[in-house]
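Questions regarding the structure given below will be posed in turn.
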Amino acid sequence: MNVPDYIIPLIVAIPLLGAFLTPLVSRINDKLRNIFVIIVLALNAVLVFLLASDILTTGIKTYVFGAKDLSYPIVRILFEVDAMSIFMAIISSILVLVAVVYSWSFMEKNTGLDKYYTLILLLTAGMLGMVLTGDMFNFFVFLEITSIASCALIAFWIHRGESVEAGFKYIVISAMGALFVLFAVALLYGQYNALNIALLSSVIQYTFLDKIALVLLIVALAMKAGIVPMHMWLPDSYGSAPSSISIILVSATLASLYGVFRVIFTLYGNVLSNIANFGIPVNVFIGWLIVALAMVSILIGVIMALIQTDFKRLIAYGAVAELGYMFLGIGAGITALGTAYGKTALDGGIFHIINDALDVGLLFLVAGAIYYATKETSLDKLGGLARNMKYTTVFFVIGLLAVAGMPPLNGFASKLLIYESTFQLNPILAIVAILSSILLLAVFVKVFYSAFMGPQLPKFKDVKEVPKSMLFSMGVIACIIVIFGLFPEVIINNIVEPAANALIGYSEYISQVVAGGI
Amino acid sequence: MIYNIPYLAVAALILLGLYALIFKRNLIKMVIGITLIESGVNLFLITLGYRKESIAPIYTSSPGGIMSFPVPQALTLTSIVIGVAVIALMLSLVMHIYRHYGTLDARETRRLKE
Amino acid sequence: MSGMSKIVKTISSIIFPFITIYGLYVIAHGHLTPGGGFQGGAVVASGLAMLLVAYGSVWTMGKLKEKHLSINQTLESVGAIGFIGLAFFGLIFGTKIFFNNFLVNKQDYLFGATVKLGETAANINTAGILPLMNFAVGLKVIAGLFGIVLLMAYATRLKEGK
Amino acid sequence: MDILGLSETILRLVIGTIAVALFGIIFGLLYKGVDRKISAHMQGRIGPPIRQPFRDVRKLFTKENVVPENAIPWIFNLVPLLGLIATISILIYLPIGGFPPIMSWGGDLILILYLLMFPSLAMVIGGFSSGSPYAIVGAQREMATMIAYEFPLAIIIISLAWKLTQVGSVNVFALSTIIGTPIWNSVTGPLGFIGFAILLLALIIVTPAELSKIPFDAPEAETEIAGGLLVEYSGRNLAMFYLTDGVKTVVMASIIVVLFFPYNLSSLPMLGLEGGSYVAYIIDILFYLLKIFLVILFSVTLIRVAIARLKIDQIVYTYWVPLTLLSLVGLIFIMWDGWIMNLLGLV
């Protein structure tokens, strides 16, 4: 299906316009504002899907701001959308839409909601901009928009000291990370006089300064993605933000993860097969580094999740472990670049991105539902909720099984791809991965027991099921999880496979811009 | 040598900022650390665009001669604008932390542990 | 935060119009000089902040009503909408490109004059939508920065009240 | 044409599933009876008749289903069914005798690894939901046991797959590939042989825990916590757990057979049988049942008569330390197999 080119900037511009209109609409009526925000995001999601269907059939699309064509690409700001970008855009738009529908009832009793929705829309614009842009500096700008908006949202419940503290931690980490990114961009600009990813990628030399830039970019973006050992902020902010924000934060971290992939695969794509120090190719070096980080993330995430007593912090540590699985798949894919199992690992890693977003997102929504119903997140004080909250229980079980990678849900489909490829790199990797996923199951069964099972507590006797809008949004995600789990082939062939090909096929990404210009 | 002084200043600023960020316990000082890093990066960007004996890149009424690169200046301006927002946000959060905890010591404002 | 001495109050009252006019000048000449919406807006907002410091937050909060704050927020939104809206107009008029400068080199309109090649005197009547965008950004920055300063001052007042 | 093919596939799937389910249930109960009879003889008792399990199940189905007051009824009644379904669905992926598996795709072996957790998980959740302290203790123990024995199990499965990849097989997690290339044929030297023998031993020790049999039956432990997990279950639900247990026995034995003894009698040249003839299928099935019987005899009956029940911490220790180390040694032997032989110039 062919769509006009200007749909690409609209995907970022519409949430931006919506963000600034929200305070004005909010003057009229609160309900109207909620409807307005949902309509804006739904419209945006439709545009993303239209664009996706176009990109997946016809290939990469570029859009230049304020100019007719690609002449002088050095000074133009351009968006370059390939299958990987649109894959991430789909995740973000689905999660944000779900979160906004969920917020309708969840945030009902809060004040200052016009700012809340404005920030959500800004965050959406930032995330979508990060994944769609084809320009390093532009990427930095959107990164900062995302950080600022998410920090303000993390600290939204400003009456709680923990929220403010988590927000401060988050903004320190992300400000530092963003400045690292800017410094790396400056290093690249100073050498090659270009900011465009495709242009930079076509001329990159892997000089000493490039190595510094690569390290800075990976460290900064991995820090924002919450990989161990830079994960300290993640449980705090996920745990202290309102649940509807936690799910958006999941997709914001994933946008940073996308940045890591874009940098390694596209920006440094040309030099990946160079021989670095000690006669090891660059891709093997980077790949093993990422695999090592991934293993540590998986283990630390699971072990720390075991000892948590707060529902949301526990899920957040689960999310750290899940991040490890993505990095494991991608890292194995980089290490074994060009082999069949490397491709499978890459597929698995990319497929796990969307699965993790859905699974962890669903768990956060369930945690939010429990908080809404009981005003409690400590697992020690919860119990016996399965009697009164039947639907929430079912959704939690779906999320639990999906996170632990049990068949027939989506987590299994992607983890299977990761297992059956990484063991060829080294059997220990797959063994630890399988085991950790079983441990994760144990962790969540513990949660299930302490929150939903057990005798009925007297103070939760009158707990009611949560309102329909929250049930609806949880139900939507649960449905997607089950569908993805039952028909993984469809998703892999239609969305994941093109995304993996887009990552590997960096030369195509370059040729879209460089052939037209310079 | 004289042309390397800005780069040395960049390194000094960034290292100072990192020092403040890592070793200082006062939250305001941490914010200052971030601003120092930011200034360092901005200075680096501006320095990249400088050419020897150049004039400001303004076309109207220009005295003629070589101009310095306008792109890094535009980048720096954008970065400064973003910096203002980040610092404002940080300072307001520090204010709220002070209201909740009654102290600015990072060691004591730690309810979120583990 | 109480007000400062009478001298400071008087002097800042006298200086304030000049600062404002200078800021507006920077905004208006954004397309000709290294200034622009953000810089000019920051100048104006710092003038406002100076007044705030001179007169103290107690006095200011007494003068300012809830209505004024909401007007401030509306202005901020309007500035942002103006900026992004001009980008959207690019999709509607002329060659349909986002951020298209559809007013440039159109002699009939304001800011439509063509810039001659070579060294010329500065002509403010050029650059199409860029000055308009500068105005929008200026409005947004004045309102936004003043809002930030105001809210921080408000918070300090709360602390003292305790 | 396409619809015809599709409907045929679905028909095959449905009939196959029903047949496999009946097979699993009947032989599961039968082997349960045999197991009880043999262990009784070993202890110098006469023991119940072999068809006693069938009688038990029939009687349980006619009994009233009691839901305790503290339980959460909808979960309490749902999980036995889910456990049974999950167990039967494993049989769909297993090749039985000369028949190929009814369904097969990329990662059967890992799928089975995960599906094997479902019955335990169902029992855990059932135990938690019944609200009895005995059941909760049992459920916690079951969870601990489950995590404990998955470690060696994962190592065994990954080692097998790794070896098959080294030999050049593709699709190594599919059981059809595994029975196509028996692992004993892929070893190049004595080291690999020892490695696989160690893994077989580990798998045989994992089996009783997977089936909650003595000495690893701490979760149920009739004499200590009165049946643990199942203490509140009665009637239809208990019957379903009983059936699950039977089917699971067949499944675990089949997995050992498929992984380590995938040979069929009908392919022996001296019998002179055509592949695919009825006689061949019958011979294969009988041989398969014999193999399963032997596996159950060694891994369930003998062990449970010979050893007393371990405490839960002893169970976890057994699996996490000695058995994991053992299987890692097996893995290392298998990995070094070809390498050592190359080093010694024996290949």
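When the chains are written out, they are named A, B, C and D in that same order, and each has its own residue count from 1.
Rule of thumb we're sticking to: contacts are C-beta pairs under 8 Å (C-beta built on N, C-alpha and C of every residue); 3 or more make two chains touch, one makes a residue touch a chain.
Keep in mind that what you see is a predicted model, and the values were worked out from it rather than measured.
> Please list the single chain whose C-alpha centre lies closest to the global protein C-alpha centre.
Taking the mean of C-alpha atoms per chain, the most central one is A.
> Taking each chain's centre as the mean of its C-alpha atoms, which one ends up farthest from the centre of chain B?
Taking each chain's C-alpha mean as its centre, the farthest from chain B is D.
> Averaging only over C-alpha atoms, locate the centres of chain A and chain B and give their separation in whole Å.
Whole-Å distance between the two chain centres: 28.
> Roughly how far is chain A from chain D, centre to centre by C-alpha average, rounded to an integer in Å?
About 38 Å separates the centre of chain A from that of chain D.
> Whole-Å distance, chain A centre to chain C centre, using C-alpha means?
The answer is 36 Å.
> Between chain B and chain D, what is the separation of their C-alpha centroids in Å?
It comes to 63 Å between the two C-alpha centres.
> For this entry, which pairs of chains touch?
A-B, A-C, A-D, B-C
> Tell me, which parts of chain B touch chain A in their complex?
Checking each residue of chain B against chain A gives 14, 21, 27, 30, 34, 37-38, 41, 44-45, 48, 71-72, 75, 78-79, 82, 85-86, 89-90, 93-94, 96-97, 100-101, 109-112, 114.
> Along chain C, where are the residues that touch chain A in the complex?
70, 73-74, 76-77, 80-81, 84-85, 87-88, 90-91, 95-101
> So in the complex, the part of chain A that touches chain D is made up of which residues?
It is residues 384, 386-387, 390, 393, 405-407, 412, 416, 419-420, 423-424, 427, 430-431, 434-435, 438-439, 441-442, 445-446, 448-449, 453-455 of chain A that touch chain D.
> In the complex of these two chains, what residues of chain B are touching chain C?
56, 58-62, 64, 73, 77, 81, 84, 88, 91-92, 95-96, 99
> Using the touch definition from the top, list the residues of chain A that touch chain B in their complex.
75, 137, 140-141, 144, 147-148, 151-152, 155, 158, 161-162, 164-169, 171-172, 175-176, 178-179, 182-183, 186, 189-190, 195, 235-236, 239-240, 304, 307-308, 313
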